[in-house]
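The following blocks contain the structures, represented as structure tokens.
Paired with chain B in one complex and with chain C in the other, chain A is shared by the two complexes that follow.
Now for the complex of A and B:
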């Protein structure tokens, strides 16, 4: 039974790859919790100390994004849509969306307050890993 | 105007033609003059306005276009996606957007973004890997706070890109490189108009203008006319504010409509000329023709003197009246002429009758025949009237006693009543003129009666004078002869003393002189009584010369004591025939020569025979005392010897010249005397009738 569960876990792990949340090397954030991450991505928190935070997203059909939203935001796409619709009227917009993970990595490298998620395998020394998903 | 009259006849017809022609032609002239003078200006102004409007439209188009492009890039730069500038557009999303926009605009241009390191991050031009070459111009523009600058081939419009994530953060710039060639869409190159966009600062010209005209750019912002073109120059606004747009419009094309119009008017003008000339000529001819006919009729009447001619009546209106009046006038004139002619004829007849009466009256010899002839003639002239003559003095109150006859009594210088011709029917006397006619006949009768009486009286007196003189002379001659013979006897008596002899000689010479006078008078009386026998014969010049020579040699003795020389010169052609009475001419010559010798104390007497015009002259010119011109005329009166001569006791009866003249008249000759004045000699000339062969 335990082996079975591990197997499922492995399979799940294979399907849902681990991601890391990265930030600029000069970012004041060292580590971040799930709830903090969620409030940043829902644009409830915009500054860290005095640094303006820029949350970066991937295109909607991206598996990593889907996983990220499921794991961190704990909301499905329709819930998110409704959320951002409401937020739109208060002048808030969803996080800036980039097309590729490569550009996310580059963006984070360049912008001090930027926060993005990338697969663990893509993480480099140029960025700071502030969060790691656990499966 | 005077010259004008030479080639333009001043007739009604030509005046009418010109007037009609002028009226018909005035509008044409007006249109032509208007077209030439005002039309061109107006059309050019129109063209100017039209093209100025066009230019403004184009200007606005350009301006709009550039503004539109500026807006486009501003919009593009504000897109979220521009945040990809941060990641150098790794995902090519900006590139994609730029390319889409490029396609949509479909212009010769390039859209690209430049990051802060002046690297081209994204470009609509696929093959565009070039590096940005206009950093300096870009910086200049930024310093001048302009959002554009120019490259040699294009306009660069740019706008900054700010991060939407952090609005304060400049990410780079979005550029649009707009090629100048696009602007050529705003220029025109057609047959009539060429236009050009032009920037003097960048020495850029887009489009082309006519090359045969040098544009004077000092006319900036104005329009002007050159010889061939209409040139408009307007500066642009906005980005292209130091640019201007130049329009050149071919004048010929702009004025093509006017030229066509003028051509049309000229064509009409030519056609109109023919039509109006023809019509005006035709109309004026129609108006004038009747007048010409009238004139023709008048001329024919004048030339033929046929006053029965009538003007044909073929017109209506005033001319018809004129023709009627004209005809009436001619009829009147003709009638007047006929009446005048008749009256003239009657008058002439009466006049001729009168002359005839006068003629017959003056031929009557006695008073009785004169009166009876007058009554007969009057009776034939006026057959209705009755005339009778009476010697008794009539009752002067009667109206019929208008032909009273009086005769002149020359001794008492009074008029005596002679008789009266009574007019039987005085009521038939028509007017004063007839009365005058009768009176004039009466006057004529009176004149004739006077004349008859005068002639009778004169003849009686003349006869008495001649008889008296001849009797007297004859009676005087007998005692004179006795005195002469007695004294001549006594001169021969030896015992007389010198004193006694002298006295007797005086007696003898006086008696002789008296006898000469008496002889002369007898001669004169004989001539006047027509008792001198005349025998004119034809002689030739030689015979005449012989006669003259005879006379000279006969009287030469008288000159011997005086020292006067007598010469003779015959200038006559030999064989010239002369009519003369030899005996009488000899006597005349003797008289004239002895006169000449008598009045010439010394010098010469020249005889000259010559032809004077149509006669033969014998001049006897002396160098004697001469005569003053006033006295010359008296010389031929009877018994006249000019006074100054009698002072010098020239002997003579004074009848010599008179006798000579009268004798010469008997054979159709004459004696004439002339002198250049007292002391300058005298020339006596005998004029003989020439016989023409």
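Now for the complex of A and C:
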């Protein structure tokens, strides 16, 4: 039974889909690096030129969010909690949270400064892909 | 009375959030409806063996929010209350103080302007000064003796997000403490009416470092000048932090050196050990001291900190044991 569960885990890991980071079609961002993404999702960077950025998150238990935080932010949940606690004292809030990937897609389509991550398979022509994860 | 009001407020908004199934998490504050208004606060109770007193160090309420490019922050705090261990409370006038009040306008990715009373952008420790967020119950002497903790006026910020992200802050004050708006007190470590300072911070993910230089004038017309260099190295399991400064006035050097170096290590989940060494020479008071601090922090939850520390001083009468419990709401 244990071997079976390990195998399932390995297979799930292998088929884990790459995520892409998307932005509005009119966003000034064309491509973005990992460190810039990290800076945006930690709210250290809140503008891109003159456009105010709106970073979007999925719920905390979402696997894609967990992958994103591990890959891009390189922080575990406990480190992130401490970080946002300090930001609370400084008057900054964590990224805006949406319930589903579909909501992220719709939000990004409508808001110029919005940035979100979704699975590659959900990306459409209505949004711009600015970063693609490489597992 | 103010303390009771605050405690009730915390209690009420905590209960309210659960009752309404709003999303409230300890240490993250609570949004008021859909308004750009978040409310939070913090409390700290400290015990020091040398004076055998229990000190209610901080009871504060935070209110902040942002709308488009404009954001604001209000932080009100009550005065410290000392309680002797024989149960007698030292009588102090219970006054509200304005710890911070400011508006920030961000023009674009490079420029921002802040107006009001804010934590002076000097050193790393001074930016996270409340007990629950800092590493030890005590704060390094550098934050008390070298520069004004708060600036009342303008902060002009330039930041660059290039390969090596950096920011420059200009702090400008040409007036008295904003706390005088609501009472006759000054809520700062120096009673000043002028402060001009510059801060350059290089924030390179794991390693950050900064340089500060500034001038301030006390209300009794003494001019003081300071320099400070600071660095912070963050690893997944440990943190290294150091600050080194000096200060002088028109007659000569007042603090030839003041410094600390701190190492903190995550021992296990929720448990942290801290070692700090501090040294300073104060020509104004003719006090030189070098001391080591060994601290231990347990966080049953991230926003709740139980801390203990012992200080060994070269001035032995300053040796002390400190305990504290602090909570961020």
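Brief remarks follow.
The working rule: the second predicted complex is superposed on the first by the 120 of 135 C-alpha atoms of A that agree within 3 Å, B and C clash if a C-alpha of one lies under 4 Å from a C-alpha of the other, contacts with A are read in each partner's own complex, and residues count from 1 in each chain.
In this text, contacts are C-beta pairs under 8 Å (C-beta built on N, C-alpha and C of every residue); 3 or more make two chains touch, one makes a residue touch a chain.
A quick note: this is a predicted structure, and the numbers were derived from the prediction, not measured.
Look at A:98: by the touch rule set out above, it reaches chain B but stays clear of chain C.
Counting residues of chain A touched by each partner, chain B versus chain C, the larger count belongs to C. In the superposition on chain A, A:52 makes contact with both chain B and chain C. Contact with neither chain B nor chain C is seen for A:25 once the two complexes are overlaid on the shared chain. Contacts of A:106 after superposition: chain B is touched, whereas chain C is not reached. By the touch criterion defined above, A:132 reaches neither chain B nor chain C. Overlaid on A, the two complexes show chain B and chain C touching the same residues of chain A, namely 52.
Residues of chain B touching chain A in their complex: 80, 83-84, 86-88, 90-91, 93, 164-166.
Interface residues of chain A, counted against chain B in their complex, comprise 52, 54, 96, 98-100, 102-103, 106-107, 110-111, 113. Chain A contributes residues 35-36, 38-39, 44-50, 52, 76, 78-79, 81-82, 84-86, 88-91, 93 to its touches with chain C in the complex. Against chain A, the residues of chain C that register as touching in their complex are 27-29, 38, 40, 42, 62, 64-66, 68-69, 71-73, 106-109, 127-128, 130, 133, 161, 165, 203, 205, 236, 269, 302-303, 328.
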